Every structure is written in C-alpha cells, then in structure tokens.
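Every chain is named by a letter (A, B, C and D) in the order it is written, and numbering of its residues begins at 1.
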Amino acid sequence: MASPMILLLRPHSDTRQWVARDHYAVWPGLPIAEYTDMYGNRCQRLLAPAGSFHLEACSDVQVPSGVEQAPGAPFVEVQDLPAETLMYLAPSRYCESDRLGGLASEITGDCLPGYDQVHAISAWIRRTLAYRAESDPTPVSAVEALNRGDGVCRDFAHLGIALCRSLSIPARMIVGYLHGLEPMDLHAWFEAFVGGRWYVFDPTRATLGGARVCLGHGRDAADVPVFTQFGPPVIPSCMKVSVEEIAGSQH
Amino acid sequence: MASPMILLLRPHSDTRQWVARDHYAVWPGLPIAEYTDMYGNRCQRLLAPAGSFHLEACSDVQVPSGVEQAPGAPFVEVQDLPAETLMYLAPSRYCESDRLGGLASEITGDCLPGYDQVHAISAWIRRTLAYRAESDPTPVSAVEALNRGDGVCRDFAHLGIALCRSLSIPARMIVGYLHGLEPMDLHAWFEAFVGGRWYVFDPTRATLGGARVCLGHGRDAADVPVFTQFGPPVIPSCMKVSVEEIAGSQH
Amino acid sequence: MASPMILLLRPHSDTRQWVARDHYAVWPGLPIAEYTDMYGNRCQRLLAPAGSFHLEACSDVQVPSGVEQAPGAPFVEVQDLPAETLMYLAPSRYCESDRLGGLASEITGDCLPGYDQVHAISAWIRRTLAYRAESDPTPVSAVEALNRGDGVCRDFAHLGIALCRSLSIPARMIVGYLHGLEPMDLHAWFEAFVGGRWYVFDPTRATLGGARVCLGHGRDAADVPVFTQFGPPVIPSCMKVSVEEIAGSQH
Amino acid sequence: MASPMILLLRPHSDTRQWVARDHYAVWPGLPIAEYTDMYGNRCQRLLAPAGSFHLEACSDVQVPSGVEQAPGAPFVEVQDLPAETLMYLAPSRYCESDRLGGLASEITGDCLPGYDQVHAISAWIRRTLAYRAESDPTPVSAVEALNRGDGVCRDFAHLGIALCRSLSIPARMIVGYLHGLEPMDLHAWFEAFVGGRWYVFDPTRATLGGARVCLGHGRDAADVPVFTQFGPPVIPSCMKVSVEEIAGSQH
C-alpha cells in the first residue's frame, strides 16, 4: 500500500548559506511536489509506493566555517522582541517550557541575562545528560529526556530550547548537517534570540566549531519534517549521510 | 514591576464573521501595539504596570446562528491535502497525537473515514470525560486529561484534536465566545478538515448550536495567547465575559 | 445591477497606531467579508446593490501628534536593504521611476544621499506643481502629472515615490487621514526608506505636522483600494470625511 | 565601481515543476544571498564587481510536455474570486488596464465570458501586433506597444494581461523557458484566472505546445527581476540561453 510522505531533505539558499549545486532523485520515478511551510522551509511531498524505493539528495552548499559567538550579548525584554520571534516563546510538543522554569533559574542563577544564560544552559545539558547513540523509535520530549537522564542530539536541543523559553528567551530547533560529525548523521541543534539576533548553540558538542548546513527550522522536531510518513510504516532499510568538504570551496 | 503581556481579545472580520463595532480600552492608559501572528490572529502587546490595571474589550460581531454539519463528508488523503493544512497534522504541545493512534482507531473503528470519525471522537470524549468547572492553573495536555478522566473545554478540544491528527485528519484549536454558554466564559472548541473544508466540532456540548465568535485559532492553546503573561505573575482579580444577542442582528 | 466592490476604509492597529474604537455600517444590510492583502492592509469586499446604498466607517485612533524627521539620515545601499523593502524599488502603475532618473539627479544634485535627497524631492514637487482641488476621474501617473504641471495629493505622492525609486530609495504610498486638513478629505502622502527605517514625506504640505491615521499602504494608488469598483460604475452621490481630535486623547 | 543586482535565474520546485538538478555559479566568486519575494519567487542578490563577471545557471526540470486548455471555462465573478487573485485585477506599471476597457470589450464582444475571452484576446494580439526580434533597451508598456503596433514577447504578454484585467479577469506575467523556441531565449507569457484556476496563454505563439519552465511570476515585468541592476549600468557582453530535452526525462 502506498504511503504519503513529507520530507525536508533539500537545503535552500538564504542569507546564511548558498546552495551552488543540488541534486534530488527518487527511484522508481514518481511525482514529487514542493511547498514552503510557515517557517520558510522547503518540504517535499510524495506518495511512496509499496515495496522499496530509493531517494538521494545531494547538495554543494557554501557556508561559513564556524558560527559567531557573543558572550555578554544581552537579554531582549519581551516587549522589545520582534513580533516574528514571539512564537518561539511558547511551549511546543517536545519543549515543555511551561514545566521547567525552576530548573532554568537554578542553572543560570548567576549569569548575565542573555547569551550567557543560554551558554550556561547548553553546558549544563552537556554535563548532565548522557549521550545516547541510538534514538528512540518514538521521539521523547525535553522533560522525558531530562527524567531519563540521556538522549540524542534532538533531545539535547529540545531541552535547551525548553529551558531558554522558560526564561522568556526565544529559541528554535535547527536540523541539518555538521561537517566533521562522528559518526556522520543528520544533526540537530538550536538557536536562541539574544542581543537582537539568533545565535547557534549545540549542547551535544564541546565546541561550536564546524561548518553547518541548515535543512530546516521550527519550534521543535514536530515542525521540521525531515522524514514524516503517514499510514502504514515505511521502514528505512538503509540511510546514509555523508558530508565532505569541497576543496577550495570556502571563501 | 511591570509585566509584558500578549493578549488575543479582539475578534477580527474575515469571511466568516463581521465585526461591526469594536471597543478596546485599558486603564491606566498605556501603549498597546498590535501584530498579526503566523495564523493571522491579531494579538495585542503591552507592558502591564505594577499594581492593578483594567482592560475592556467589547465587539458587535455578525455571525451565522449555527454551524454547518456534513455527515459523510469524506476523509482527504494526505497527499491531496492543501499545503496550508499540513501543519495541523503534527503533534503540538498539548495534543500528543503521536501517542494516541491506537485509541483513535478503537473509537472510530466502524466509521466512514472523515466527518463521521471526527463526530465519533467528539461524542466519545463527551461521554468519557467528566466536565470540570474549574481549569487548572497550569494547562494539562490531552494525554494528561485523558489519564485523569476530566477536563475543561480546552482539554476536551485538545483531546479531540490529538485523536483526529493521529488519524491523519488536520485539526486545529479555536478560542472564542459561544452565545448561550452557561456560565458565560471564554470557550474553546476545535475544527477538523474533512471533505475539503474545515468543520466545527465541540466535544463539551451536546449540540453544535449557538452563534460562535472566533477570537483566534492555532495548533493548540499554546498558539492562541488569549492571555499570556511573562515575568512575575499577574493575578486576574476579576474577569467577566458576557455575550448578548443584539436585537435585529443579521443572521 | 449589483456591483462588486473592494474598500479599504478601516484603519487597523499596528505598532504605529492604536484603534481604540471602531464602527462600520452599511445600509441596506448586506454581507461583507474582510481579507488581508499582500501589504497587510485589511480590505472589505461586498456586492453593492443596484440603487443607492450608504456606508459609514468611523474610528477612534490614537496616533502621535507629529512625525519624526531625520535630516542627514543616510542612503542605504541596495545590497544592504532588508529584502522586504526591495519591491518598493520597482516602477509601478502610477510611478514610472524608470523614466525619471535624470530629473531626480538634477533635483538632488548637491544633497547628502538619503533623507536630504527625499526632502529636496518633496520640496521641489511642492514648489513646481500647482495644487489642483479636484482630482481627475481617471487617475494620472507621475509622469503625466509632471507634464501637466499640476495634481492632487495622490499625484504629488506618486511623483515623490517615482523620483525616490529612480535614485534606488525604496518609497511607498500611504492613504489615510490628516488631522487639520482643509477641506477635510482622504489624503495621500508617501514614505521613503532611509537611515534604516521608513520616514513620512508629504509633498502637498508645507510642514509634516498633524496627526496622521494610515488606512493602507502599497506601491501606489493601484495597490490601495480605498474605493475600487468593478462593472457598471457606482456614482458616489455624496462622500463626507471628517477628522476630529478627541479631548484628552493620548499623544 | 560595484553594482548591486537582483536576479531571478533559478527555477524552484512547486506543484507544477520539479527541479531534479540545479547548478548556479559566478566567477569571480562573490557572496550571493537568496530571498523569497512576495510572490514566492526565489531571487538572488549580489554586488557585481567592476569589470566583467560570469554567471551560469543550469537546471534539470521535470514539467508536463504541454499545457491544459479549457474552452468554455467560465468567468469568475469578482465577488467570488479567491482573495489572493485580487491583486492581479489592478493595473500595474506596464499593464494599464485602466485605459483599455473599450478595446477589450470590442475584441471579446461575442465571446462566452471567461476562457474564450482570454483566448480571443490572445489571438487578437498575435494577429494585430508585429513581432519584433529585438527588445527595446527601455521596456515599453502595453499601451505604448499597442500604439506602436509591434513588440517582443514581454509586450505581447503585457497587452494580454492589461486587456484581461480591464474585463475583471485576474491575469499575471510568467517569465521562463519554452522548449523549442527559435531562436532560444528567455520567454514571457501570461496566465489568466478563469473557471477557478490559472490557465496559460501565450500571444506570441500560434499554439500553446511545448514544455514550459517558470522562473518567476508577478503582476508584470517590473515584478519579475530576471536581471535587475542598480547604479552604473552593467552591459551584458554575452547572454546565452539554451533549453534541451533530457532523453527519457518525461514521465
């Protein structure tokens, strides 16, 4: 039986990344349509046939080799936040910020409000949760991961987001590729809005180094349909992710 | 200390309701700004002063006296859904549709896919959950309400939404006013997308009768900030809602 | 025969103006729907009946008593303009900026690029064109008004917009009310994007003084459908505009 | 001196076309950013260096081999048009629909309102205007092309759009590639909204045959910045367009 799918496997150019080359193929050939969701992500829709099918998405993307950091960047008062960031203050499926206010205050107690709070949250998560190699078949939420004491990159990001929001700092999920990740796979991290712009934080990594390609962003993993499938389950028999540096590609 | 707030207390005209007259006032006078969120809701932002303040929003709205029903309206296959309805398939903060698939199938087992499934879900909720007069200070989710066995209108709506989505039926939260509600208060219900359009369902009510004014809609209560407050809690010392029929109003 | 109409007669709240009270009525009663156009304007649609009909729109709007001015505010290089301002660089129906480059350079020859150029353009228009009391039944364009040597406020605004755009300064049309205008009527002026934000300019007025309520904005009058009618012409037998200051209104 | 540019040279996937492979390069290497305009077009921004530079955009796009036609498809009354089509009723820079009502009625006098009117307009343009091989350095408008009696594909499209809008039929400009065009170049045609959807019309072609790839759409050429340049003019020393069929590409 055919199975409808929504995918988010094609990075798009914006002001932060430039897709110089792009290739997306499906066997057997079948109709694919693309639409832009409410976050500006470019999602692909298709009806996966019964039996096996293959999908390959490959892009050459020019990105900076690292991310900007801004210790001391100040907290933006809620009344001064740009209207388009306000939705990232609300709790979402996997980020129960309405249940974590006490913990966030404890973690960030003596930090300067803003960037330093988010940095402290990110470091605390890395210190406190054990990293799991295998993700759960069913995603768990920030509170569930916290209670269990471990998680994958997605869970670490969810917890970071939930803790930020509980302090009235807008925070959002990013799913994409990180150059140099070992073993290579899709990766998830988050961004927080402090000092008037979004900054990258990655609680599963000791440093923020490495070129990052964004596939999509949203309030949490429920909004970033990298691979969403409806009806009878599709079993990915094999998924390979590789990220390589192109010689001379960086300006 | 002042407290930033986001409110959603002003119905706006669209193709379904016409605001003929509108009045919105705050004492003491303070700056208010309005913005449109990603759902098209018109939200008000203000910085509530320390101490008490008063807010009054009053509108004359022309709406149909009842809602359309469509027994038999068919399920729309995911691949045929309009792109803008797809976000209402994903789980959200208070609607853990990813945990309720089994229950939804059980409830709707012998229904025609589509409107009749949603109707069965709505009736099942009404039959199964006890209605609570008082809402919790902290909102609970669909699964939490289900486990507890009772809830307010918001919880009934969340559960309806979550069960629909688990069947791949887009469903969204509506917050507004229902004429004739006893005791009068803000009310919450939901809409499901079947047969090519959105239909109203209200699991707290035996019938769908009564004129309904929509204040806002979204994926769940987290997206419909009727009264959201940041920082030190603002205690509503008194909240009065009244809905009256205007003589000779147009139906 | 009935005649479809699009109207833009209802100011809406945003960060610059607050609609405290609002009233909109039509006799005989007929269905009206409201939609938001691509600029965020709230437009009303209705099917005007054959014969005469009456329409009244009335609002209490809180606005600042004057507009900000910023002599010296610098020109923003095209490559640094926010993406959402770029559409205001293109020529439009009544603003043939592609034909006015030479004139704009002449007028602004020795000005500091930016605010001062727009100010010089505005002053030049006021000095050069004669003000007409009566508007043409068919709108004329900036170039046509320039050739004829006179125009109404709409034409003055169109010419200001066209000249700005020919210098790569984003400029847009505003239609609304100006307190103290003699005789009172709907008014049109324009905004230019310099120094990182939009500033008001009004080439029909010696000063920028006076409280201004915005009904709508767009690239030119073709985009601001204050009163657009399709099919057999509707003859406004009488149109009255009044603007009054409310005692004790907030500034 | 460097020259800011906006380009629209990269087709994107949607429900009507699928970009399977894509390549976009600039020499010398320089930063490019992409943004989505108000029509959903993906535009590229860059600062072209002084001296010469090279740009190459190349895509494999899967499209139907022809376009749908619908003789008899009815006119949609203005009051029934979807809100998002209404902007395509207004006159625009190169489509002075407000000046062409009489001519449009004459051309379509005995046609069934709707598709047949647009077809008659398209045929009339092809019959009446001489096709020019070379476009003007400065674009002319529909009325100017009509008065002169000739034009390029862009002018034919503008005139078709203007005539449709004067009959209250929404019409929009499409710029893209047409397989088999001789000599190959960028092409422009238009779409009209009749019978509840957009249909393709191409007044420069005897038939609608041929695979069409859309680069962008808008109200007229001013909105579709295939190649827009600000400041000192950039002289394209050479522009090559080629469109080839990929063997076995069509499903």
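Note that a residue touches a chain if its C-beta (ideal position, glycine included) is under 8 Å from a C-beta of that chain, and two chains touch if they have at least 3 such contacts.
Heads up on the chains, UniProt names are A, B, C, D = Transglutaminase-like enzymes, putative cysteine protease.
Keep in mind it's a predicted model, so treat the numbers as computed, not measured.
Engineer: Just to confirm, which listed pair, C-D, A-D or B-C, duplicates the contacts seen in A-B for more than half of them?
Structural biologist: The same interface as A-B is formed by C-D.
Engineer: Can you work out the whole-Å distance between the CA centroids of chain B and chain D?
Structural biologist: Averaging C-alpha atoms per chain gives centres 43 Å apart.
Engineer: Suppose each chain is reduced to the average of its Cα coordinates; what separation in Å results between chain A and chain D?
Structural biologist: Roughly 37 Å separates the two chain centres.
Engineer: Got the chain B residues that touch at least 2 other chains?
Structural biologist: If we look for residues of chain B contacting two or more partner chains, we find 35-36.
Engineer: Does the chain-touch network form a line, ring, star, complete graph or other?
Structural biologist: It is a ring, because the chains touch in a row that closes back on itself.
Engineer: Please list each pair of chains that are touching.
Structural biologist: A-B, A-D, B-C, C-D
Engineer: For chain C, which residues count as touching chain B in their complex?
Structural biologist: By the definition above, chain C touches chain B via 12-15, 18-25, 29, 31-36, 40, 42, 44, 250.
Engineer: So in the complex, which bits of chain B are touching chain A?
Structural biologist: 4, 6, 35-38, 43, 45-47, 77-79, 83, 86-87, 89-93, 95-96, 98-99, 138-139, 168, 222-223, 225, 228, 230-231
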